[in-house]
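Taking it in order: structure first as structure tokens, then the write-up.
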Amino acid sequence: MDFLNALVAITNYVIIPATAYGAQLALGALGVTLVYSILRFSNFAHGDTMAFGTGVVILITWGFQAMGISFGPLPTALLALPFGIVITSALMLGTDKVVYQYYRKVKAAPVVMVMVSVGVMFIMNALTRFLIGVDQINFADGARFVINARQWREMTGMSEPLTLRSTQVITVVTAILVVWALFWFLGRTRTGKSMRAFSDNEDLALLSGIDPNRVVAVTWIITGALATIAGTLYGLDKSFKAFTYFQLLLPIFASAIVGGIGNPVGAIAGGFVISFSEVGLTYAWKKVVTYLIPNWEPDGLVQLLSTDYKYAVSFTILILVLIFKPTGLFKGKIV
Amino acid sequence: MSYLDARDMTGGYGKADILNSCTLTVDKGEIAVIVGPNGAGKSTAMKAVFGMLNLREGRVTLDGVDITALSPQDRVKKGMGFVPQVNNVFPTMSVEENLEMGAFIRDDDFKVAMEQVFTLFPILKDKRRQNAGELSGGQRQQVAVGRALMTQPKLLMLDEPTAGVSPIVMDELFDRIIEVARTGISILMVEQNARQALEIADKGYVLVQGENKYTDTGKALMADPEVRRTFLGG
Amino acid sequence: MSTARQADAAAGGRLRAPLFFALMAGLIVLEGMTSGWNSALGILNMGLLSAIMALGVNMQWGYAGLFNAGAMGFVALGGLAPVLISMPPTPGAFKAGGFGILAAFAVAAIAVIGAVWLYRTLRGKLRGLAVAAVLIVGFFTFRWLFDPAVDAIEAINPSAAGNLGGLGLPTLVSWPVGALLAAGAAWLVGKIALGLRSDYLAIATLGIAEIVVAVLKNEQWLDRGVLNVNGIPRPWPVPYEIDLQNSHAFVTKMQAWGIDPTLGSTITVKLAFLLLFVIVIFALIWLTEMSLRSPWGRMMRAIRDNEVSAAAMGKNVTRRHLQIFVLGSAVIGLAGAMMISLDGQMTPSSYNPLRYTFIVLVMVIVGGSGSNWGSILGGVLIWYVWVKAGDWGPDMMAILASPFPAGPFKEHMIDSAAHMRMLVMGIILLGVLRFSPRGLLPEK
């Protein structure tokens, strides 16, 4: 029984939250990795793009709520999501036209492109703050739980509670759908295949008559969509705060690099590696330890690392990968 | 006039010309081979024919149509296929997808073309789901040639197709190239392995410093003592 | 004809720098006349500190093309030095837990060195197990020593101290120590991330910066965390306002000049800081200009201009990059230490990546990548714009919002004006990168 209780505690405090967080990171890392493989630079503006997209979704959500439109037990934000995607993707296309296109034409070095993305980051940062401010915003509505602690107890009769929040289920389901759609697009459609060809071998792609402008445009549209979805899911699951999204840049980059930058499968795997390490290392294992080792009451929380240092986990994993396997777990691009 | 007629091509990348009034012609179903010492401008001549180099002088016609001003992509649409020397496949895409990308500019059904490629290179049919980057060097060259054939070109250009493959694979590749030529496709290729290449060539060009030094049938060049001594090592 | 144009450009180049610096001085004087000299000198002093940070970032980006996305971390780490060096020690703290903490770090160091040694000597399956075992045992021993020591230190007079305190040495000593701390961290990061893809360094530095600030925020035994450390001593010879106001000689002199003694004292303090900062800047510029003209500097530029051919000539590019990265970070750390001395307090929560990392990049790009005088100009100018954009933003927005009726929308517009400076920075950075990539004072 104690063993089962320990299992429930681990599921409740580690597996469920880390799965949801991992799905959010994976979607973020997919956006970074896509820009990297097609446009060949690390996009420092991605965190703020996520913030912008989420800001738009929140505004539209409020609009729907004011009009009395709701999505039943699901959060209204899901209804607003498509609109947020359209607006964010349009902004991405505009940014490319005004900013990035020129640097592609002059064949700027990747590190210059990174600097340019810092400029874009400033602007996205300001736009987001103009739009929605800097405060913490909770915008999840609808049913809060799929399973709450009381239902769990009645269902199983176990003393250890387990809760499953609806935002967690929504995150995972949405992420699965999005990833499925993305892989279907990249693997089955002509445009998707042409994007992979462009990423693999740009010269040969041009020689085969693939239109680079079209590939780049589609890439930005998908990046805008991924950023908006990732940001909205993160905001629903936790809460929205513009600065937090900037800080997400580190675990997102870490996910992309750990998986092998430029490799979509790697980005997803990397997201879960980072999330499980982060949650696992910052969780206070006291409860689980007490269940598993009878007659022993640990003095402390049995927490390996304070949650204040969660970014140190991403960083350490990043460093380990850079030392031992710079191409990442799944072979990514090196140059 | 020959099917491909690239006449008096003069030009280079910077200020200095690499090609000096170089002329290349290929007839229908004919195999033409460009040989010559290192730095003779062989690959440059090939690129010039394909429009990857701005010509200062000279003109290129294909089937009597002047294509001198066209971009490489437009030349592909006019019936040219080009196989670069290196980086000539999409490594993380399957063989089938590589071929599909070769047919990207075609709007019609490319299934027939793909079947033809599979008939020509049966090994590719077996490996159709495998990523091109995981294949052996010779198989990768077959994918590269197959990709270029997907547009069903009238003229196939190959830049050192046998670079870095074993002699056995080289012989096999040459056999396939002869088969391609028999279907009526003209072939223009640059080769380091001059002897073997001239053996299968209907026409041979020996380039030296961007100029036509000798031009004749493959057999005649092989028989020419001067060519043998200078370029074929005795 | 081309030589004539070059001569023209050279003449323009000679006039260009003094012209821009005169313009900058004019802006500061204007600020002094309109908003008071305290405000003007305040902007100038912070501007000069930013300029030193920009000098450091310029060494990395301008000389070597290295993208440091974590200047904030090196600034913060440098800022730790005045706390640890020039604050008085907390009585009893070292005895209570100092040895425990030292022992804990010694254990951590031994575990890491041991793990590295095992990794290098062992082969096969045993290696992974042995390395993991050493690290795990090391970690728990570390925590076993560290946690009680931290509790003991934090229990001492928690309302005013609760930390180790410093060594009580002169503040000027802490400045080079700040540089050393930053250099040490830079060496660790550079050793790992340099020599890989160019933007891996950016991401690694972004990470180390977040972690340094997290440590400063959370380790109370070290710097009281978010409780802040106040009253950090000023460097010699900067006086305290209160002492000046109590000094009869100072008051009579000020009165003789017709200046209010209180105002006079604040301005005197700022001028004293200004003098120190200017001395440091001149020393740094002299050193960097000297080193750039040396064979080392020529090699550095050769590597930046063509990494491939430099590597082909047998230059160890990664090693040179590591040197310049460490040196640049040391300069950034120095500025961080100086800033804490100027503020007189350590407030870890004030470290913001936009302010201390990305704005400094803007300063370097605007001033001119690779140009030292450009970094100085960019530092002061961009800091001025940053401060003023904060002032002008609300004014501008008030005018923009005036046609709208009072209500939530108008309020929202006026509230969001504070973020105008982000937009301004973004537009400046993108504009300079696009239309004047060599900056205001291009490298010769």
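Letters A, B and C name the chains as they come in the text, with residue numbers starting at 1 for each one.
Assume a residue touches a chain if its C-beta (ideal position, glycine included) is under 8 Å from a C-beta of that chain, and two chains touch if they have at least 3 such contacts.
Just so you know, these numbers come straight off a predicted model, no measurement behind them.
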Touch graph components, with chain B removed from consideration: one piece
Chain occupying the most central position, where position means C-alpha average: A
Chain pair whose interface holds the most contacting C-beta pairs: A-C
Of all other chains, the one whose Cα centre sits farthest from chain C: B
Separation of mean Cα positions, chain C and chain A [Å, integer]: 31
Chain A-chain B separation of Cα centroids, rounded to whole Å: 46
Distance between the centres, which are taken as Cα means, of chain C and chain B, whole angstrom: 58
Contact set on chain C toward chain A in their complex: 65, 67, 69, 139, 147, 192-193, 196-200, 202-204, 206-208, 210-211, 214, 217-218, 353-354, 358, 361, 365, 412, 415-416, 419-420, 422-423, 425-427, 429-430, 433-434
Chain B to chain A touching residues, read off their complex: 72-73, 76-77, 82, 84, 87-93, 97, 100-102, 104-105, 147
Of chain A, residues touching chain B in the complex: 190, 193-194, 196-197, 200-201, 203-210
Residue numbers on chain A that touch chain C, as the complex places them: 41-42, 44, 99, 102, 109-112, 114-116, 118-123, 125-127, 129-130, 133-134, 246-247, 249-250, 253-254, 257, 300, 304, 306, 308-309, 311-312, 314-315, 318-319, 322-323, 326, 334-335
